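For reference, the structures are reproduced in the following blocks.
Both of the next two complexes hold chain A, though its partner changes from chain B to chain C.
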Partner chain A sequence: MLDIIVSGLLLSGTYALVAMGLNLQYGVARIMNLANGEVLVLGALAAFWLYTTAQISPLLTVILVIPVAFIGNWLIYRFLLTPLVRRSKSQGQLEVDSILATFGISFVLIGIMVSIEGGFFAYKYLSEPISILGSTTSLNRFIAFLIACAIGIGLYLWLNKTRSGVAVRAVAVSTEASGLVGINVPRISAFAFALGGAITAVGGALISTFITLDASIGVVFTLKALIIVIMGGVGDIRGAIVAACILGLVETAVATLIDPGLTLAAAYLIFILILLFRPQGLFGRAST
Partner chain B sequence: MKPSGWGELAIAAFLVFLAVFVPFVTNGYWLSIAVTTMMYVALATSWALFSGPTHYISLATGAFFGIGGYLVGSMMSDYQLPFWVPLVVAPLVAAGLAFLIGIATLRLSGVYFVIFTLGLAEMIRNLISWIQNNFLGSRGLYVLTDLRDHHLYWMLLGVAAAVFLLGWVVNRSRLGFALRIIGNDETVARHVGINTAWAKVILFTTTGFFAALVGAIIAPRWSYIEPNQVFSPQLSFLVVIMALLGGAGRLWGPLVGVIPFTIIWEWVNVQFPNQSTLFLGLAFLLIVYVLPNGMVGRIEQLHARMGRGRS
Partner chain C sequence: MIHTRFFKRIAVAATAAGIAFASAAVAQDVIKLGAIAPKTGPLAGGAVVTQWPNVQLWVEQINARGGLQVGDKQMMIELIEYDDKTNPGEHIKLAQRLAEQDKVDFVVAPYGTGFNIATAPIYGRYGYPMIAVSAITDKMEELTERYPNLFFTLGTTTAFVDGVKEILIEKRDAGEIGNEIAMVNVADAFGIELADRARDLFTEAGFELVYDKSYPLGTPDLSPVMKGAKDSGAKAFVAWSYPPDSFGLAEQAIIEDLDVAVYYSAVATSFPAFSGAYGGKINNVLGAGGTNVDDPKIAEYRAAHEEITGEVADYWASANTYAAMQVLEQAIVGAATLDRDTVTQYIKDNTFDTVMGELSFENNVSHTFWSVGQWQDGVFRGVKGSNVDGAVPVRLKEGWTE
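Entry: the complex of A and B
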């Protein structure tokens, strides 16, 4: 029982981080990014590849990945998604277009990753047992959790305490109103999208230290991140953290008590309960 | 729609009549391509019945198709039932599931629906593998029938023709009109008194029914059924690409997309098996950036421009 709680909570740290990344992309830039999971896997591939070919520590890769993923996602937003934002007449139209475009991007990324590494991204890093609260877990899970927390807290402080963070939150509330008070909405949107992508890639590099991924696993992570974002309420960081804990705990419980093959089914069960009873998110108010 | 609807129907009937003779003029490789094509025609057209007017992108096709194939395997292999039993049961099961999913997700915004359908095939596959391993014992599921490729082709042609006829009827009905209003502006639709959720749920249920029927019909082709093989998420994406490539706004739009895409897809899979995913991604990008209304939309645009040039 304690084992489930400890490893479930450790897992939810990285889930929360990835969901924060998606939240920035969907909540601020208003792009439903279904290539999110592939960006995550790309981060994992970078960690795997640098570790196995050049013995670069995955913890260093976490730092290296930030600027690369930021620039990559910025380019995607600027050249592939901005034309869609401009041509769409309504939010619904943009949603359909961005869903299809990001599907395209995700398949292209999978195609590229398969040609780099077709098998599993299997490597061993810091897989030594450690004991937390009397429960044994591995060191890499614990370190990934700590880094995820540090980045999450940093992001939270930045959004709430700084001027640029306020601008980002303003765009999340209303693009029109924030344009009126002199915020450069296209720039902030591109920045939020790129930052979200960078955070997701970091999450991927962290996850790869304790879960073995492969090139086509991205969609599962996209789905989990989306479920967390919807459960927590779009744009709600506190909600995302609580939701990530719920998902991490339930998944770990199902995997240890019933069958590891049923984690996705467990995520779906949570998803359907949310859709039926709290579609506005755990802490959201019902909209009219 | 236009009063020329009857003319459209006559052309469609003539094409179906011609298509009946395909197995007599070809066999082997091209007949198997024809079966695949007909399978996608039925899937993509029934997909567009729902997703065309509403713009809700459904990725559930693979899940319903898999239910069709899996039930055929399970019922014939585990319970020794004749082929026609799952052929009747599977579409009803899938329609029931589609109905429940529709009720849960279609009251909300389209994004939730897409996300829900995104992992559906994978989730059902996990669930079935688990049930099979723990309760049924992991036996192989064999589908042994006397049906050959040309039988399957005719059955699929029948399904495709039925989907077309249904689409034609729906287009001319109050339901079709309601769906078009929902697709244009859902708020307006609600204000003029359309029960938007019901209209969407009914059409989505129909799509689920046909996808499972197609999955059940095609099952004898494999003779050995495995959950991993029938619940293919890729199928859902292929159907979306084909329908949108042709143009989901018209009933015959998907047909225009399916035929070239199936042939190119077969070729890509043989020539560049490792690059097929990349190709799929490029096809999506092509649709979004170059052909937002599909090939049919582009043809109509050119037609309109030429018409203006003459006058």
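Entry: the complex of A and C
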């Protein structure tokens, strides 16, 4: 039982890392970013590459990745996505356009990564056993969990306790209304998109210490992130974290108590139930 | 003055280019070789280790030698390669393009069991001999009967399970393991077929599967699986796994300090990256494949592979993939024609001298292959195989420390 809770919570940390970035990008900047998984794998590739060629600790890479991913994502938003935002007449149209655009971007990113490393990003960092409450787990997962917690708490406090955070939440609620009260919507959107990308890349660097990735695996993470974001409620960071916890705990419980083969089925069952009974997500606002 | 000299130079250059062009036209004698395999998608990680480097190596070596002697012509190889994105539909479209637009003379068989089976009809329709390597199935007889151009070289599902079974029986007879086995498999066609076969064969041999579970492809956390296997108390662990999970299972086995005497994981255990990631911790881990690095032919091949592609060859299907290219090479030279039917018939009727030794086909199937290998002090050596020399004794897994 304790095994389930410890392993489940650690897995939740991984899922939170995967989904928090997309939550900001979709919730605030309103970009349904299908290249989210590729940005994550890019972070993983950076960690793998720096570790195997220069013995740079992935934890240091995590810090290096933040500004690079932030600027990279800001440029993507500024030059590739802003034209879509400008010309779209409705949010629905922006979603369709951004899905197509980011789908294309994902292929470009895959191509770049394959040209750097086509095989598996196989390396090990801190895969030492540690015991938490009598349950054995690995140090790298635990560290990823701690950083996920720090990012989650940091984001929550920033969004709820600071002026700039309130502005971001205002944009998440309504771009038009926040524009009317003097919030610089394009700037906030670009900032949220870039920050989301940076968080995702950090997640990738951390995840790569315990999951072996390759250049093409991004779509798996994009799908997981989508499920979590939609389950949690678009644009609410608490929702993403709670949804990540539910998925992590349920998958681990099912794998331990019933059968590991049913983890995916269990995850999608919860997803369907939430779509049926609470289509706006756990913390989402019902659309008026 | 300057101008005239300038024009003269251009004229000379143009003539030279013209001659070069003309000679290229006379020696239009190139053999066009088409290769379609994943460079992206779920199987790309395996294909860029096992498939692509060997195609590249073979083409470069042949061309460096001045091409192939086909009858009275010396022909260079022109390689046309496409990424099928690990999508069978895409592969079939591209195969059509190879045949209709690029008009290639021969093809490299696809990567992956499913892909070889899915594309056999289209390659068969154009008459291309298809020497499949990365394809393991028990349905070879049925398939080669239906597609007479299809050849298999890497062994059957049963042969792979048998290799593992023999080891388990040996270790049980030696008193190192009991009757209990913990077995897991990835829930896709490959893992399910092997696990089904293993369930029958292991049970027949008197073993009891005390833990027998599957997990979905790409499971992010395999710790519940490994904890379950550990709690079963079995001294033998067998995983019919695919690349990302073979790594993930080893990682969890190290974390959980899985106490077993026999540890086996299937695909990608033989990849140099596997040992690169875990070093001495995975010493004495068993896996699908194997090779005999002491064989001078293999040693020479591995050295060339590293020199030309910059990567260390994997310790399993890399050599078979290269051997399949050698079969095609010797069949083209031997048949002295690019006529595909003649070449196909030549493959059926002859024996070929390859890095894997003498290869010949019995009803389109070659029975020369390694089935189980083991990491022994940094080298993945073959321990079980069919018609191969140099198998070393199996060692016991003793802990997971370096």
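Note that in this section the second predicted complex is superposed on the first by the 267 of 288 C-alpha atoms of A that agree within 3 Å, B and C clash if a C-alpha of one lies under 4 Å from a C-alpha of the other, contacts with A are read in each partner's own complex, and residues count from 1 in each chain.
We adopt the following convention: a residue touches a chain if its C-beta (ideal position, glycine included) is under 8 Å from a C-beta of that chain, and two chains touch if they have at least 3 such contacts.
The shown structure was predicted, so the numbers you read here are calculated from the model rather than taken from an experiment.
After superposition onto chain A, partners chain B and chain C are found to clash with each other. Once the two complexes are overlaid on the shared chain, A:N184 sits clear of chain B and of chain C alike.
When the shared chain is aligned, no partner comes close enough to touch A:S174: not chain B, not chain C. With both structures placed on the common chain, the touch criterion links A:V220 to chain B and to chain C. Within the superposed three-chain model, A:N160 lies out of touch with both chain B and chain C [touch as defined at top]. Applying the stated contact rule after C-alpha superposition, one finds that A:D259 touches each of chain B and chain C.
In the superposition on chain A, A:V114 makes contact with both chain B and chain C.
When the shared chain is aligned, chain C comes close enough to touch A:S7, but chain B does not. Legend: residue contacts after superposition of the two complexes on their common chain; A:K124 is shown touching chain C, with no touch to chain B. Using the contact criterion defined above for the overlaid structures, shared-chain residue A:L84 touches chain B, although it does not reach chain C. Superposing the two complexes on chain A places one of the chain B stretches 96-104, 150-158, 168-176 or 222-230 into chain C: stretch 222-230.
On chain A, the surface patch touched by chain B in one complex and by chain C in the other comprises residues 110-111, 114, 118, 216, 220, 259, 261, 264. Those residues of chain C lying in contact with chain A across their complex are 39-42, 44-45, 48-49, 52, 86, 184, 187, 213-216, 218-225, 227-228, 243-244, 247-248, 251, 254-257, 268, 271, 273-274, 276-278.
Listing the residues of chain B that touch chain A in their complex gives 55, 57, 104-105, 108, 110-112, 114-116, 118-120, 122-123, 126-127, 129-130, 134, 186, 233, 237, 240, 244, 274-285, 287-289, 292. Residues 32, 34, 80, 83-84, 92-93, 95-97, 99-101, 103-112, 114-115, 118, 216, 219-220, 222-223, 226-227, 230, 259, 261-262, 264-265, 267-268, 271-272, 275-276, 279 of chain A are the ones touching chain B in the complex. Across the interface of their complex, chain C is touched by residues 3-4, 7, 10-11, 14, 110-111, 114, 118-120, 122-124, 127-129, 136-138, 210-217, 220, 224, 251-252, 255-256, 259-261, 263-264 of chain A.
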